[in-house]
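For reference, the structure is listed below as structure tokens.
First chain written, first letter: the chains are A, B, C, D, E and F, and each begins at residue 1.
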Amino acid sequence: MKLKKLVLTGAAGRLGSYLREPLAAMCDELVSTDLVDDIGTLYAGERYAKADLASYDQIFPLLEGADMVIHFGAIVDEKPFEELLGPNFIGSYNIWEAAHQHGVRRVVYASSIHAVGMHKKADFIGIDAPHKPDTFYGLAKCFTEDLGSMYWDKRQLESVHLRILSAAQVNNSRALGSWLSYDDLIQLVTRAIDTPSVGFAVIYGVSNNDRCPVDNAKASFLGYRPKDNAEEFAEKVLAEEGPVDITDPGQMCHGGPFAKVDLGQSGLAQMNVVDDKKTT
Amino acid sequence: MKLKKLVLTGAAGRLGSYLREPLAAMCDELVSTDLVDDIGTLYAGERYAKADLASYDQIFPLLEGADMVIHFGAIVDEKPFEELLGPNFIGSYNIWEAAHQHGVRRVVYASSIHAVGMHKKADFIGIDAPHKPDTFYGLAKCFTEDLGSMYWDKRQLESVHLRILSAAQVNNSRALGSWLSYDDLIQLVTRAIDTPSVGFAVIYGVSNNDRCPVDNAKASFLGYRPKDNAEEFAEKVLAEEGPVDITDPGQMCHGGPFAKVDLGQSGLAQMNVVDDKKTT
Amino acid sequence: MKLKKLVLTGAAGRLGSYLREPLAAMCDELVSTDLVDDIGTLYAGERYAKADLASYDQIFPLLEGADMVIHFGAIVDEKPFEELLGPNFIGSYNIWEAAHQHGVRRVVYASSIHAVGMHKKADFIGIDAPHKPDTFYGLAKCFTEDLGSMYWDKRQLESVHLRILSAAQVNNSRALGSWLSYDDLIQLVTRAIDTPSVGFAVIYGVSNNDRCPVDNAKASFLGYRPKDNAEEFAEKVLAEEGPVDITDPGQMCHGGPFAKVDLGQSGLAQMNVVDDKKTT
Amino acid sequence: MKLKKLVLTGAAGRLGSYLREPLAAMCDELVSTDLVDDIGTLYAGERYAKADLASYDQIFPLLEGADMVIHFGAIVDEKPFEELLGPNFIGSYNIWEAAHQHGVRRVVYASSIHAVGMHKKADFIGIDAPHKPDTFYGLAKCFTEDLGSMYWDKRQLESVHLRILSAAQVNNSRALGSWLSYDDLIQLVTRAIDTPSVGFAVIYGVSNNDRCPVDNAKASFLGYRPKDNAEEFAEKVLAEEGPVDITDPGQMCHGGPFAKVDLGQSGLAQMNVVDDKKTT
Amino acid sequence: MKLKKLVLTGAAGRLGSYLREPLAAMCDELVSTDLVDDIGTLYAGERYAKADLASYDQIFPLLEGADMVIHFGAIVDEKPFEELLGPNFIGSYNIWEAAHQHGVRRVVYASSIHAVGMHKKADFIGIDAPHKPDTFYGLAKCFTEDLGSMYWDKRQLESVHLRILSAAQVNNSRALGSWLSYDDLIQLVTRAIDTPSVGFAVIYGVSNNDRCPVDNAKASFLGYRPKDNAEEFAEKVLAEEGPVDITDPGQMCHGGPFAKVDLGQSGLAQMNVVDDKKTT
Amino acid sequence: MKLKKLVLTGAAGRLGSYLREPLAAMCDELVSTDLVDDIGTLYAGERYAKADLASYDQIFPLLEGADMVIHFGAIVDEKPFEELLGPNFIGSYNIWEAAHQHGVRRVVYASSIHAVGMHKKADFIGIDAPHKPDTFYGLAKCFTEDLGSMYWDKRQLESVHLRILSAAQVNNSRALGSWLSYDDLIQLVTRAIDTPSVGFAVIYGVSNNDRCPVDNAKASFLGYRPKDNAEEFAEKVLAEEGPVDITDPGQMCHGGPFAKVDLGQSGLAQMNVVDDKKTT
């Protein structure tokens, strides 16, 4: 069954950019959207539309006739609540409400480990661990997951929430466990789309790393089986990294540096790590 | 230990009104606040200040020097997301952020069963059941609980989240299980205040009803032991109520009528039930 | 809401006899049935009909127009499988199938601890413990519970399964924990009838004994709160009972003497205990 | 250790036919039995005996001197209770009772996912999930598992219950998760036989499918490690299958089409799927 | 059934002193033992024998012919490991080994919350929470519980381990949850003795306090139902106690001051609290 | 990051001998210690020091300046408590206390399945299963794990407890599940050392055996992924082993022969199996 229309938000972001080609291949029409004016050469069947997630009026028309929305658009850093409110909170509402109004069947959402980032790594958390956000960024993920749960229970709008651990380069010991390779990301998004019936589902986005600290067992029916393994980088990374502070939340918690950053402060510069994905 | 200053939001609401007197007796100064111009005769030590929860500038000065905030202010009905965004979502952020800025020690929050309202009654849910909101109203409770969790983990601001089941008159069979009497409400709020150390805590607000469908075991250290029991109304209520539709989510789910209401639609008129509490 | 018609099976048995009067008071018409020719003086609204549970043709007409069936009829002792097959296995099927054909709303069933009798007492089993029958008698209870689960899931026929521990006189130490008084039995059956919506529910039938070894927490919504306590008999019973064999399954398992009896052998004579309830 | 004698029931059925050869190789004597007159050419050491499972007298002599019974005989479709009572319910009793009388050590039983078919796929059920049958066919599996539990606890007769998901061709999306290949079936039966000590054990019979929706972790000691993976059929199957009804129990529940079929109605014709295994 | 002989260790200690009278009344002969020369006037049937727990030769003869040992003897303060090794570790071994050699049936042991003292109060721990000792004193309790488990599994010597929370005066907020009254202590010990069959059992020793932070549900079969409630002291205690340090392990953990004390340092003087019980 | 100094106890034992070479390669200086006079040719950077674990004075100086201790020294057989007290109990205390005094960062400890050996194999126990020792040997492992937990909680001394199942040759059916190959042992110890932050961790030491009966899921963050599989020995081992006694604790329990051996009796001769590891 080939899909008629897909919508991808955050199409200019780091992860979104990678998804354009495989998504275009799965459907007759891919509508890619982001805040930039232009995303370069389009793939066959792809159309680009600039739109602000925080504006229902801009988002609404894009979803008309779509089968599914792949919602990767958001500010991808810790910021003050006021800055995240529009794109990360209201933006999610706009996507789900517009999807419902248009009879869209499913939303596939880039959630994040930061929705549960204050759990300890030694707690091998499953997909049903209670929310425990580490930042306002993570709080927006919690909000969206709960929103998705409600739209399924009340309006039968399906959603799959991909709690991505870290999709950046493996250059620190945390990433030995948390890495999600691009190939595995694409498999994960593909499964979230091609599984016939999903209801409301949550799944961790992480590769088949030896040191993977989270448990996807309860999402088994989705059939996600990652192939890559960050252990190939272990020797180099561990050799370069000095002893850690064993009582540092950034070491002990799933959220890593976000578990330690001050709320509302940008986490990127200070941590020298590009977390997750990026809209611009 | 007598407290110096408490702040009560939603002081003109149904539940807030009942709390003013006991709260005034626990502290040197009680600042009551709501949207109305006037809340009538004040208790000894009480001061009234009109303020809009959605405005950080109006809320911020009220919390100066406070030991704790008793946060009961909100729109208390299901409404479109846009209407709840200011008072119920941003309002919570304003309270926690202002509390943090002023070094307030603890927030006691009127959460609701509607944060988990789509769970089935036959599932005797504990305080750690995953969020499963039944309405935008419930979604705001989820958001605030997660916010409270984060401010504790990152900033050591304590909070107790009282998931009130129903504080209205017992005039239907659901209320035989969900009723919270005023005396028990006052005990509950008192425990949430006088327990020396609480961290981030969640507890159901429900009386000692024979048919109580939720489990407070994991909040035992708070010492809440309700005294009232809705069973005294059972014979009358059951005699008047006709057979129910056994497949109705309103019957089977913890959220009761909110589990059935359309998202964004007022639940009060149609259900002939005054749920929870009211700011105006 | 007064019920129009109830059907009671096993009406001549020990427990059934006690239920006739309170059941007659709850409905316009009570049809009592058993294998005997006559059950003596009838209560107001009561009618007696002799019928064999193992015969669908005899059972079918009795259920016409009934709101609920209170199914207490069965052979109440351990017997060879062949003897229990008719009344205890096929009899249950006949009740559920006839109830479905007539649009009866609910079956209240006298299940038994013997459905889970091989669990250890030191395992404080809840209502969702896996089946672990101790006898063919208990196996028939497992069968009927699974049958009830299926008729609810597939045909929306509700049922409440009362796993009675022991309703006999308190004359041994096991009964200090397992006793169900007649008053509590009546409360239990009343709750199973008057709760507006039950789906498929299981609950232990046991009084408020200090030494109660099972957990009804997950059936809380049914509102069963027993009042009697076998501890009043403890001093006498313990004084008379000699030291026990601490490795005896009859001591260590919930099923008591049934946990020890040979399969298919009568448990009553040898154990000097009248377990549960009796049809004749 | 080579076994002296094995008995295989349902030897003419689809799965039974595949087991004859490997079973014959494991023992000195294999007694194959079914309802047909003849099962064709026999393997070395194999003997065929026609017998009706519903008849204790026909079954009893076959088990004399046997080490184990491989019990795959049954009607393998949903049928009215009356039709299944003989072969699927009483047949199981006959096998266990005869095995006990002859001192047979272990029964390996073809149970089915339909014993728990009304659980949702999104619930990654383990081997200890409570029974939740979807059909009378599934109810017979529940009955037999409970029977096996009891014979182990009371009489030390071991049994392994293989809850086969689906052993038919992979021609629909459900089978991408539920497929059990013939090679994996043989491995599974072999492990159930060669594990030195099993007590009462339950295990899902499913291949190493990416989309496998059930959890065998608690049966790990049996050492079953399936090799085949239905994902090789995914592209073709998903391309051919149209959009599904996402609220259909047949989509959401483990039992698949049996979760939707009317009780007592044949599931095969209407569903165009040959489920499980077949005696004739 | 009256017991022939009981042995009480730690008979001169604070808790031991209270137990002498009720224990003497339960048996023909009570042998009380401790390190002191004399414990004053003896009760009817009581005999005093000075003995050092650390000496097998001194302990061995005392247990001859005993039905049960009530083992309350130990150093009752945090001390360096070397000081506790004799009485608290080796002493326990001596008791169990001598009991086994004499065919004693059961040991009732004064364990302590300090075996699990580093768990957080907000974790409502049950009797099966993993060990998490807060001191060497607590480590000795862990050791003894594991020893008792092993003697039951391997030698069928029963034991009940009473994890006493705090048996001192209620003069701080922790004790509002942790208090064990003397009457409840006596009930607890009585149940540990008169329950016919216990195997290896663990139970918290705590009164029916509103703020009780631990869960005895899984020990329900023992029938311990405490009557006293420290809440009567709450108003006074809370009024006198100033604000606490909410990040102090002594506040957040079950072990209270022991959760904070340096290992091997006496906890009594510094904390102004007499914990648990005392031998001299 | 190369380590400066490691200390290996039990260096002359069977497992210790295998660890000397890889450990020497990980650090500038390896101090190997045991009771023997000489351990033969030393590896580059290795130094041998004879010392008795039971003597704090002999152990203390060895740990000066060490990063980590690899503690494999102990008597490796079941013996009377008195014989194990020095090396296996006091020895562990000496290691942890000396490590603390010297500011050593982590202890990696050879614990054993015998700390939980009385659990049943059919219970797929995780790393958080309650202690259930099968021997005094196992009791010393329980003691040391609890000690390690306490030193982490109170003094931030990290430890990893490797519960080795069996590291001997695969010559019986139990070992098909419990085998730990030498290569996997080395991987396990390496992970326990190179993981940047571990707190207090427990993990089973077992290869990737098809029949592996324990669950390491909750230790996933350590990244241990065994490569070897005892199934290659299955055909031969099973062919040679006769029928087992299915009610023998040695068959049913994780501890194997230790689950059956008399307490304090040597398990080696009688069982013809060299369990775990050996100091001399």
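Here is the rule we use: contacts are C-beta pairs under 8 Å (C-beta built on N, C-alpha and C of every residue); 3 or more make two chains touch, one makes a residue touch a chain.
Each chain and its UniProt protein: A, B, C, D, E, F = Uronate dehydrogenase.
Keep in mind the model is a prediction, meaning the values are calculated, not measured.
Considering every other chain in turn, the ones in contact with both chain A and chain F prove to be D. One rotation lays the C-alpha atoms of chain C on chain F, and its angle is 180 degrees to the nearest 5.
A straight line joining the Cα centres of chain D and chain F is 41 Å long.
We define each chain's centre as the mean of its Cα atoms; on that basis chain A and chain E are separated by 52 Å.
The mean-CA centres of chain C and chain D are about 32 angstrom from one another, to the nearest whole unit. Not a single residue position of chain F touches two or more of the other chains. This structure has the following touching chain pairs: A-B, A-D, A-F, B-C, B-E, C-D, C-E, D-F, E-F. On chain C, the positions that touch chain D within their shared complex are 81, 85, 89-90, 93, 97, 118, 128, 130-136, 138-139, 142-143, 145-147, 149-151, 153-155, 262-263.
Against chain C, in their complex, chain E makes its touches with residues 1-2, 105, 156, 158, 194-199, 201, 217-225.
Within the complex, the chain F residues that touch chain D are 121-124, 173, 176-177, 209-215, 231, 234, 238-244, 246-248, 251-252.
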